[in-house]
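Below are two complexes that have chain A in common, paired first with chain B and then with chain C.
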Partner chain A sequence: MKNYLIMGLLAIGLLSPTSSKAQTLPTGKSIADKTYAKDEGISVRRKLTMELKDKRGKIRIRETTSIRKYFGEEKRMAIYYLTPKSVKGTAFLTFDYPDASLDDDQWLYMPALRKTRRISAANRGDYFLGTDLTYEEIKLETRISRDDYTYKTIGTERIDGQQCYVLEGTPINDKIAKELGYSKVKLWVDASIWMLRKADSWDVAGNHLKTTAIKEIKKVQGIWTYHLIAVKNHKTAHETLFRISDIDYQTSLNDDAFTKEALVNGL
Partner chain B sequence: MKNQQNKATKFFNKVTSHYKTILAFSLLFMVGVALFIPTMTKDTSYDAFLPKDDPILVFRNQTKETFGLKDPMVIAIVNENGIFNKKSLELVHELSERLKTVPGIDPDQITSLATENNIVGTYDGLAVEPFYEIDDLTDEKAKEVAAAIDDFDLYKGNLVSYDRTTTLIVAEMLDSYDKKQHEVYKSLMALLDEYTARTEQFYLAGEGAVSGYLIKYIDEDAMKTNPFAALVISIILIFAYRRVRGVVLPNIMVLAAVGIALGAMAAFGVDFFVITNGLPVVLIAIAVADGIHILGEYYEIAAKHPAYSQKELVVNTMVQMWRPITITSITTIAGFLAIAASSYMPPMTYFGIFGALGVGVALVYALFMIPSAMMFLKPQMSRAYKPNQEIDWFGKIMERTGKFVLKNPRTIVVVAVLIIGFGINGASKLIINEDRIKNFQSEEPIVLADALINSKTDGTSYLDVLVETPESEDLFAPENLRKIEALQNYAETLPHVKGSTSIVDFIKKMNQSLNENKKEAYSIPDDKDLIAQYFLLYSASGDPTDFDNYVDYDYRLANIRLKMDTSEYLHEKPVVDQTNAYIDAHFNTSTIKATTTGKVTVDAYWINRLGYNHFLGAGLALLVVLIFAAFSFRSVWAGILTIIPVSISVLFIYTVMGLLDIWLAIGTSMFAAIAIGIGVDFAVHTVDRLKYLLNEKALPIKQAYQEFYKSAGRALLFNFLALALGFSVLMTSSVPPLSQFGFLVAVAVSVSFIGSLTLLPALIYLIRPKFLNITK
Partner chain C sequence: MYLKIILFNILFFTLVGLQAQENKKSFKQSLSSSLVVETDVSIEFKSGGLQKTEWLLKPEFSYRLSKNSRFVFKGQMYTELNDHLEAAVPKQETVSKFSKRLFIGDRANLEVREFYFYTNFRKKLRLTIGKQQIVWGETDGLKLLDVVNPQNFREFILDDFEDSRIPLWSVKAEFDLKNIGVQFVWVPDNTYHITQDFEAPYFTKSLFQSPPEGMTIRFDKTIKPKRFIADSDVGLKLSTFTKGWDLSLNYLYYYDDLPVFYSHLELSETNAPLVAIRPKFERQHLIGGTFNTVLGSSTFRGEIAYILDQNFSSIDSNAPLGVETSNNFKSALGIDYIKGENVISFQVFSDIITEHISAYNRDTFETNTSLQLSREFMNDNLKAEVLWVHNANHGDGFVRPQLSYWMNTNTQLFLGSSIFYGNGNQLFGQFSDRSRISLGMRWGI
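After this line comes the complex of A and B, so read on.
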């Protein structure tokens, strides 16, 4: 409670940001850079289960196998659906380019059509495959954007027992705000392993939109890895749980696995 | 009889001895209960006409909940030169954005060209994207939007009119504004008022707007009709007694009856419905009658016995009057309770219960408060009643009526028989119908908006069909989708069904988009898995909640929405019946089930009961009045005679309704029971007085008639004028059902009055029933 009060006072500028404590807090920019520097492994193969829940509590479960590989700063990811049966074999491929002005490329292979379909470039703020995370958030995972926000580090707080820096970010301009769908974000970044642990966001009208919690962070093959992301949309009451398991950073993934053609054959 | 009179004398001696306490308590109680009135909430929704636990309503609400359907505010933007230009589309965008900030509007449930997504096929895929982005909107782009809508059947006639001059913004309200639709309506009107300088015209309608408008409308109406009714009644009282107390005392009774009835409604948490608006006026007219009879008797005794003290005058008056006013009040209560007992619809049930309560209160106040209040005053005479037995102008009219009856009893009976004949014919041709928009006068903005939207688009009256399948994802099965499609195709052939939407429309559109936009690909694919994969593909660029209104989250339930351009029962009922027949023939197997619901179905269901409720209520009222009169006068014959005038009055009204094309609707369906309960009073007073004059005083029949007409007849004339004029005040109501109700009751009361003072004495004269002991 005390923390909230201090944060609240800080937020409205009642406590001087030049107080001794604030001076010791790192800037948002340096925190963002640190999250980018965090080791994510070149490639990873994992089981990803998406559990989607609507406001009436009805649940859709989508089990997938997902592979991801960095090509320099470019990130490629493929998701192969295992269940439900009706979409088994459906595969999604995305190329995320580091340059935000370049539209990402996406394809979906539909086994019933035996064809791969290109998906029009999604806006960064569009929802990813019916979940509550946006394409931008899927791309960042536990990083925080270096370019989109003006940050203010407003304090520290413990999340899941770990010390986190608390940042408030506002999009640098209205265009970015519209693109992302947010007018404000509040981020909790782990102060020692530099992973995002929690995020709150507000829509462009200023309504509290979402709370995202990144949990069960454990070392896998020497790399700090999350095993669960829980997102709740406060406006639609829709929820998503991303469960990650069977994580393997060491399987060598051939570059060819990230092509339209590879989608057809599955993993 | 003597014994009874002694008891009554004792009783009223007691009342007049404790007059201060009684008066203080009466006033305090009245004020205390009336203080609840400001807490009253209004419910003008159509759902209010069914009990909350009615299975049809419960099912409909579940469906609404499942698919997130609400009663929307619908804004129509009309540009006679077409809406597909930069400026008009900018306006659609601006309004859609501004609506999000209007209190009571759900910012996530605004549907317009600016918020909806188009599904388009690209050279190697599918894109789900807004019809236009405000930043790159040009006149050229606006033309592309026009083409996109032309290509998207779902939105044609739905978001945009077929002639391209009109587009809609549909805004749903938050549940928390359930009984505050009028506030949202007002905010929206204020918002639209800022755009009056534009070339576009704006119209606001839709289910939510109608509810909101109605709340405001009945408020204004009540402010007008209630004071007017009180004024009319006061003028009648001035004519009757030409004395201040003769005006003030009955008015206090009126205040008590209305204040306590409405206060009790509020205290019990009963909502104020549209028809409740008629209740105060009805009570004003009824409550004043007791006061008229008591004061009439008082001035008559005062004229005959100038030496009486005030206490003697009051006690003697009450001893004479307690019986007839109790009987008439109870018969009126019976009329109201007959409505309560026969009606399935809560607004009418409450109208009956609280109307009965109001009349009961008027009776109690007549028996206690009036004598107590009179004790504060000095004995007084009315210039209307002179000691030398001279009668005034009103008395003379009644005296002449008496002479006419004695001369022409047979003619009167023949006329009555003719009226009965016409009435039975009229009753058989009654039209049961209801249309919510008919709650407003035809030139009201909401009526114009409703008519425009219904003529330009598919309409604002919805018949929903809930489709259920047993297993998750069963709705991907092509055979199920084809059934839905066939039902839509069939329904669209029915009159007044202008369009329909379901998940099938989206599937067909996706299939077409993924097949090079070929016309023939606008169809349901044969492969269940492919359909599942379409949805996954859609989710790659669409919003997760896009199909919420059409299909549930595990693809087991679907909603088909049929749109009708009319909310008239007579048009809705056959569509519901034929849709149900179709469903019986083609659905309801072990693999797929369908059920009609939505506003149209609910309407068809409850309005259907109106006719039955009406005749049941009228029959019940007649029966209760018959039993009660027979019991009070200790003669079955007396009971039968008593109900003859009211029966004729109701039959007469059926003829009037037929001639004037008045529907038996919510408001009008209550007329019969009320008209019976009130109208029978005249007959009760007539029989009571004739019995007294003929049986107890043993006067020869001609002399008895003469006495009857000039004294009781005169009071009845004022009683009649108060009722008829009071109900006529309802005719000035701007709510057509209430004004029709007022008109019908006023006419019925007139017929009852005439019947009670002509036909009834004529019949007695001809039949000479035993209970009257007519000797000469």
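After this line comes the complex of A and C, so read on.
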């Protein structure tokens, strides 16, 4: 009897294949939550190399060592410049609080001044140290924001051979859109390991702004880890490659490595 | 004294030995090195002549003894081809024998900029022992609490503080008491500011009273502290971060880095009156603190310094030996506003003499302001900035516009200018003839 009912509903078009697909796709909110639930280890130490390429092909390289540690749900991260040698020792520290209503706290140590300068984290849409990722994107890594966007899951696609959910996100209001610098994002989230694999974003005027590809995702010490991020800014034709190497999740990091005094002493 | 040095060395090398046992890496893996080369050519607007043609080679080596400890060496070869800023071989009278530069002819010198051992001992106590820079304070451009290390005034305050600050042999110990960071500093190095001779381009004549016209002056030998322990400086800094506020409390017991110029009249051998000047370094206490917090896109920061028994040259003819003493309250408030690639930074400095004295060439209440504007372009390839420092009491100051450009990964070019204005008897105005345009390069491997 039940089968006849389903066949009948299909026949009159009330249960179309499209609506069936919509029901099986997870919501954007649940996907965002899963990207946060992904294991990132308590602490990690890694080398981050940034290759900045302008539209004329000129390449500048910045090598850094970064450390990150969770203090409960609060995430603290420090990045130390290794090259160029003339700015070696420049260091950036951020406290990322789980309460979305709280701005992060950030400090920048400038060896030329030998001073640690407190910097506002309110402008999270500003570009991070001349690269094509914003401070907000650096902070999120391969997660997608839980609070800034209203998402719609529009389907599935394969990226680098992996099944991904495709989401469209629009900022929840104009203020957030202005803060982030985006009017829309399109995100491809890996359906099995819940990591962002690709993102497209549009500026507040609606122009296609950036494409971000997260590649070479491999397990390191049992944790899914990205090794390359390629970002292209379509407006400026500037590109940044982030290469991540020497990753160690088992490193022992003292709590006092994440203080502004520690920035002065270096790693 | 030698016993103390021996004991100090035993303690030091025991610490180094303990750390070295943990090192499992090869020598090559433990050693890192770099070299930075800087050059700067400056031309004076008024004379059209070269003010300086400077080359600096800065090698740096770091040898890691273990995960938590390392030796750091930073050397410097400084060459000024014109031999103009510090002409000939300076006497270095204010510099201790352990910190003197080694001059090679008139135009070049070698210097151990920093050489220290750093260890995070049992992850509880962070020790930095050796020649180093210890920097306190929140302000830019003008110093309040940044007085632990003295300064070379070869270029007044135009040189980068990193280059003009004189590193000292000292011990810095840091540890945490709950959420309070404690920093203790001990500075046995009796080195003080290097000021320039009368003929040097940046001789700070505004600090020195001229004697009555026609009167002879006799400069006696400067009385300088010499004792290793008794004449050392000590300081304490407590810092914390709480509820969005960075706070620090600072105390320093130190010798003022400028001597007090005691003067009196006496008769020469020919019975002619002369002014005898006897420079002497004097001790003082400094109590101060800093704060900063963030509100939206702005950072608010402040710094205070209260100096007890600061000595001032006096214009009161009844002042004993031409000097009067007062407490001195200095404060600074600043705001940094960041929007995208733009930064606006404004600071107000006040300097108050708390007693009724007649200090030479300054008001009881002095106010300086600074405004810095900067903007980065082309993914931080190009930076344009301008700094304007102005004294509200005397109307003098200076303006420094600068462009900097990354040519490639390792090379940065600079084009800038320093323009002084105001009365020739005042701190900034006295250098009106020194206004200049500069072209420089920094390269590192």
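Here are some notes:
Everything below uses one rule, namely that the second predicted complex is superposed on the first by the 248 of 267 C-alpha atoms of A that agree within 3 Å, B and C clash if a C-alpha of one lies under 4 Å from a C-alpha of the other, contacts with A are read in each partner's own complex, and residues count from 1 in each chain.
Throughout what follows, a residue touches a chain if its C-beta (ideal position, glycine included) is under 8 Å from a C-beta of that chain, and two chains touch if they have at least 3 such contacts.
Just so it is clear, the structure is predicted and the values come from calculations on it, not from any experiment.
Aligning the shared chain A places chain B and chain C in steric conflict. In the superposition on chain A, A:265 makes contact with chain C only, not with chain B. Using the contact criterion defined above for the overlaid structures, shared-chain residue A:256 touches chain C, although it does not reach chain B.
In the superposed model, A:111 makes contact with both chain B and chain C.
Within the superposed three-chain model, A:156 lies out of touch with both chain B and chain C [touch as defined at top].
When the two complexes are overlaid on their common chain A, residue A:81 makes contact with chain B while staying clear of chain C.
When the two complexes are overlaid on their common chain A, residue A:170 makes contact with neither chain B nor chain C.
Residue contacts after overlaying the shared chain place A:56 against chain B, while chain C stays out of touching range.
Look at A:120: by the touch rule set out above, it reaches both chain B and chain C.
In the superposed pair of complexes, A:103 makes contact with chain C only, with no contact to chain B.
When both complexes are aligned on chain A, the segment of chain C among 203-211, 311-319, 365-373 or 419-427 whose C-alpha atoms clash with chain B is 365-373. On chain A, the surface touched by chain B in one complex and the surface touched by chain C in the other have residues 52, 54, 58-60, 84-86, 111-113, 117-120, 122, 126-127, 129-132, 236, 238 in common. Chain A meets chain B in the complex at residues 52, 54, 56, 58-60, 81, 84-87, 90, 92, 106-108, 110-113, 116-120, 122, 126-132, 205, 207, 235-236, 238.
Residues of chain B touching chain A in their complex: 65-66, 100-101, 107-108, 122, 124-129, 473, 476, 514, 527-530, 532-534, 536-537, 539-545, 548, 552-554. Residues 34-36, 60, 118, 120, 123, 126, 128, 133, 135, 137-138, 140, 160-162, 165, 174, 176, 181, 183, 239, 241, 244, 246, 292-294, 296-299, 301, 336, 338-341, 376, 378-381, 406, 408-410, 412, 442-445 of chain C are the ones that touch chain A when the two sit in their complex. Across the complex, chain A meets chain C through its residues 52, 54, 58-62, 83-86, 88, 103, 105, 111-115, 117-123, 126-127, 129-132, 236, 238, 254, 256, 259-261, 265.
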